[in-house]
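This report concerns only the one structure given below.
To keep things simple, chains are lettered A, B, C, D and E as they appear, and every chain counts its residues starting from 1.
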């Protein structure tokens, strides 16, 4: 297959860019870094689309079922017979979908950055990191080995760290990058232990083999892993839940979501790429990747579903109260990923039952476009007003017509307005939820209303609602910003993504990506759609009522909501809880005592041994009194003592 | 290949250094010597592969054996297996980098480079020894040069630290000595009826269980002190932080590995049954070292202390890997030794470079250096990333191998230890990112820093050298794995052969 | 008979010859300048040393009063070598001294006493050798005639020695009373282990312990070492102690073989006590001679460990260790002697910054101390290793643990000196750069060569091992 | 009949009397005198053993002779040292000659 | 009780009594004299034991030599008649205890050892025998120890001369 020969190139292009820019960028390629990486990525994207097309339309399907193809495999690190980290590429529907999304969104972001980042320092590093991220993300989605996936998982985390901390002289950015890395690291701990559990019992790290062994309920491996239990819970559940914890961390699921809003300190295109479209859905992808195994364990699936649903709801509530536009988007991302997650959680393996799986992937697909569009739009806005705060914005629709239009499309899409992409995927999710869990369906429905509300709150606040504060009047803004709405390279991605946001919903998704690889017949039930659409419209109307024009209502209502508003505005104090745990308990409760013990007790023991020796030495100094007669007495005492001893011992 | 060359060449270098005049000659000679050491090490690797691929399955290659003291049956017996080759490579890397970073040592430079070369001879000797007497000889050989290096060229409370290090390492070697003598007298009938110090011979014999149980703790704890076994690790922070850069690199990079190697090669290999019996205790201590070292690191302000405590934590992985007694975990332990050696040397080199420019190592006094001295800062960040186990760098590979191996041991205590050890990588991330974040990121804290100059060629070369090693392992671990695994397999064979007593 | 006497006792006779040459010089009319005297004596001693290696023969003289063999010859050669080194080192001190001839007469008499002690096959000869080896030493300790400390040291030494020989004699008399013989070869058959014999044994051990300064019979050591001239201290700590150790081991192994079960715990206990006490006291010393005194006590403890092995390896390792110890200790004492003779400084604190001004001397001192501490590659490492292996030969690992513990403690004070020389800076003037005469230089060179080579030239130990059988 | 044991008791008593003197007398000359008592007690032992138990050879007698000779030498050296000590310390009290200690 | 016994007891009492006085009297000169008596008593014991040569040597060497030497040195270093300082209290207690224990213990050992009583074989130690043996190189010859002792005496003499010889000395150096 020709595919296999050039699929390697897809991740290698960005890797090469990373290496070149990383090693030589600072001196020689500072100016051309952006162009180089964009071009390279364009190649990657084209290759990815060709590969995916090739897979979906010709080579992938055998007997109506999409195959899992190992395109390439190399034993990278052999642990023990059968257990090895292989570097390989797994080609299957979701990985093909992902490489398209990743390369495409990344390309858009690169393009956008060309304009957005103009004039910033260290651009070579910026593009190097972006390329590193793209490489890692591609590696992640193509991984054929669960440990390989983990490796790229970590690499993705590091590139995210580097990109969030790109403005490293801003303490907030440094803190945010650190937080993001550490929180996800903490979650990865679960992933790692989960891998250990699964791999130990399945005696393989290969994903295909792992799935095959653990889903065959009669196999010795499956019996072993379900038989072994710890604290009354089977090893399989433990393994899956731990793996899911890793995914939840990366995907900012409650309660591991706290890093995501802070991560908005990074450059906005980065947020669009990493924290909207690609990295944050890695958790969803991970669950999807192991979906056959997950689907054998109801407990794990329930946890996935409830974590997803609660994240979706909580994030949506918080999003309604935030004033930093990127944070609103961040919570919205979290909320949408919550959707995907519970969609997986309510799904089953195969056939009609697997609707949730397909819906989740579908939503992942559409969300990538409209969410990155939202971020890039927000980026364009921020580029314009040099602020993230809503109160510094307003009335921008005249100044930035293209941005405004695109942003509106994205808002409508995410709100689930019919005929836009978000509508289709969300309908599928709600359908799936309806069929398996009414409670989650209720939550999801409510959340979708909230989504429409906060998105339009955002929309109106930015583009309508004349701002009241004296400083930068739109005109002044214009005067200040010679670049106006931005260069073509900034507008082009917006337009393309807007187009995708509209069209993506019409892709016959269920024909290509399903839990078992077999096409699935889906249909939109119009009656079923009424409730969510009405809710969404209500949300939009409410937002318009409150925020379209400057008025006192938002404050009045927020005042009436009182505690709830304040709690939501403070993100339900989860950050504070974390700070308390880390600072008070871990730092002061473990770290400080550990350091203290080391300095005083453990080291004190060593020093104490020395001191004791010195004490003994000075205690016995009196023996050497300088008096000859004392010496003689000791001499005699020695003789007497030894004599007694010898005679005693001899007998 | 004649392995004696590895001892003789550094010694010759040391002697040549003594005959030199002036810093320039001295450093040129020691640089040349170190380069040839590295070439020798690579040559060794090459011929080792050749032999292995040619099907030579002997446990130790390139053996040479001549009687030194017939009456005690002490031999000059040398040879290498994959583990030793890996350690020799590590040593060569670190020594060359050490010479490079101390390029401008202007006080008593002759003595400095002499001691450095002398130390490396000791390390090579240790790794190629197949006779316990020789092994011990080379182990102790290194104590005094370290004392002098810290005492003369060190900083801070150097005298205290130097003395503490010397005494604690001496305590370690004393314990080892006791254990070795005990072993010696329990090696009953060799062919000629005499006791034996020969590693390979002893491995073929069965040391009585009672003797094993008695002497294993001596040997293990003795070597453990070298590799920062809790609670005997306290020389590590003080010693490392007071030492001059090259000495810190050597201490953490190589010297601590002597201990790990000894724990493996002497304690576990020769006393497999005792290793089984004591393995829970080892695990407990190693886990404490890992976790507690990591938490203690979190509270440090001095960069060298940070790295020193993190070394305690990282060397805990070595001991954990050894204590887990699975082939994979032992392989992981060796890989961790190599990885940690390179990584910590790089870290210390970076800290040294920072310190020589800013004259402070306090995290809270530094800031924003990435903008001013990007090369050094990048090196620093990379060392940090390696320390926290970033894939693509060596630390990840080694730690993961240890974890994979550790999990193979199904005992619940071992599992708990493994999980805790895994958890330490989170803490590692916390302190590394804290150090990195405050030091090279953030705003510039001191206007003086704006005038700092970036790394010179020698520093760059040193850093690149170590980075090459780190990346070579991180990106392509299979060669190291392949190098080490047969050795680990032989050790495990020994362990498995021993009747399980637990 | 006479031929045999000349052949077998030639080392003693050579010493006697030198003594008489010196006496003739003294009573002769010609005034000799100190320097030419020293040249002459040093040459004579060198010839004496060289001659010692020729015509080794075994044999018995005077009804077993004098017996010699390869081991005895070697031991005497070792002592000759040590004496020669000491003589070279004493050059700076002696060239201003008014009693050079007398000094050498006394020195060589004591050496002769030790030779007779080594060759003794009879308690009487042993006793006479012992006295010949100690009474003139007391006079030598007083050779810094105008120093208070020197007189005090001599007084302490002579009284202690008299007391200890009184006890020793009481023991010998009891041994004689219970066995009826004084001849070594006849004694074992009569040793039954009766309490009185055991008492006598302890008294005898006490006498030896006094000479090798084992705890608790060591108390004179530090004071005498500190007060006596450096040369005499070196002689006491190395030659006198070495000779006593040789004889001690031989007597225990041959004469008291039947009572091994009785003396083994004694030696064991003494060894432990000696190591601990020596090291603990050494920790707090400020005077370099006193430090070396306590260090030499601790070393004696190690030798006792070797002796307790009671095997061929035990004997060999003890002899080997003494050889190593001669080089190591004399290396250290050589530096102290030079510094003391040229500047009069004897405190450890005076050595601050010593490396800056006298790098070679500082290295010699450091290497010697490392050898004493048992750090490779110095020969002391091998010496101690062998001693301890020999000591553990009976499966007594406790002693190894204790010895190992002591090696840690001892390292501390040795390193303290090294630290003072290499690391510390002197607030005022450090010791100025010293110009050293050829003789001391040669002596230090020999010591260094010995320390560095002895461990690797395994033939030395193997030779000693081969001749210490039985 | 006087048995050997009786004589040995005398010599032993003398031995310990000498020892007592050595322990308690502060004057160094008197300490030396005490040492002479000790040596004499040993002499008695040797002679008595020789005569009573092993009369075939004169081992004990000769030993005694040599001890006497050595005692003389020892005393001479000791007295010389004491005189020298007196010159430098102006005292021969053992308590005064204790500069070097610890 | 035979006369020999009585004489023995008298001699023994004399030796021990004077010895005790020698080590306890506070006047140093008297101490020397008591020592002299004690040594004389020991010479008497030798006569009683019929080893006349030893007795003679005892008188000549000890009484004529050593004691005289001691008395001379007393004259040199001491004002006659002046009382010596009291012994250190605690030490004399310990010394007494040690000595008493030692005596009791040793006596017990000797008593328990049970030496064969009486001299079964004839014992003669006449001067001629001693003389020939002393200079004989054959069996039972003592020429070697004799020579060694002579070396010792020579060395002791040399040592004494060096140390005790009055020199031109400057200031007593006080370090």
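Note that in this section contacts are C-beta pairs under 8 Å (C-beta built on N, C-alpha and C of every residue); 3 or more make two chains touch, one makes a residue touch a chain.
Note that the coordinates shown come from a computational prediction; the quantities given were computed from them, not determined experimentally.
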Would you mind checking which chain's mean C-alpha position lies nearest the centre of all protein C-alpha atoms?
B
Which chain's centre, taken as the mean of its Cα atoms, is farthest from the centre of subunit C?
A
Pair of chains with maximal C-beta contact number:
D-E
From the centre of subunit B, which chain's CA centre is farthest?
E
How far is the middle of subunit D from the middle of subunit E, if each middle is the mean of its Cα atoms, in Å?
5
CA centroids of subunit A and subunit E: separation to the nearest Å works out as 101
If you average the CA atoms of subunit B and of subunit E, how far apart do the two points sit, in angstrom?
69
Report the inter-chain centroid distance for subunit B and subunit C in whole angstrom, where each centroid is the mean of the CA atoms.
42
Send over the residues of subunit B in touch with two or more other chains.
167
Multi-chain contact residues (two or more partners), subunit D:
8, 15, 18-19, 22-24, 26, 31-32, 53, 62, 66, 70, 73-74, 77, 80-82, 84, 87-88, 95, 97-102
Subunit A residues counted as touching two or more neighbouring chains:
610, 621, 624, 626, 628-630, 632-633, 636-637, 643
Would you mind giving me the full set of chain pairs in touch?
A-B, A-C, A-D, A-E, B-C, C-D, C-E, D-E
Residue ranges of subunit B in contact with subunit C within the complex
67-72, 74, 133, 136-138, 140-141, 143-144, 147-148, 151-152, 158-159, 162-163, 166-167, 170-171, 174-175, 177-178, 181-182, 184-185, 214
Please name which positions on subunit D make contact with subunit E in the complex.
1-10, 12-21, 23-27, 29-30, 32-34, 36-37, 40, 43-44, 47-48, 50-53, 55-58, 61-62, 64-66, 68-77, 79-84, 86-88, 92-93, 95
Of all residues in subunit E, which touch subunit D in the complex?
2, 4-5, 8, 12, 15-16, 19-20, 22-24, 28, 31-32, 35, 38-39, 42, 45-46, 49-51, 53-54, 57-58, 61-62, 65-66, 69-70, 72-74, 76-78, 84-85, 87-88, 91-92, 94-96, 98-100, 102-103, 106-107, 110-111, 115-119, 121-125, 129-130, 133-134, 140, 142, 145, 149, 152-153, 156-157, 159-160, 163-164, 169, 172-173
Contact residues on subunit A for subunit C in the complex?
610, 613-614, 616-618, 620-621, 623-624, 626, 628, 630-632, 634-639, 642-643, 645-647, 649-650
Mind pulling up the subunit C residues that touch subunit B in the complex?
313, 316, 370, 375-377, 381, 385-386, 388-389, 392-393, 395, 397, 400-401, 404-405, 407-408, 411-412, 415-416, 418-419, 422-423, 458, 461-462, 465
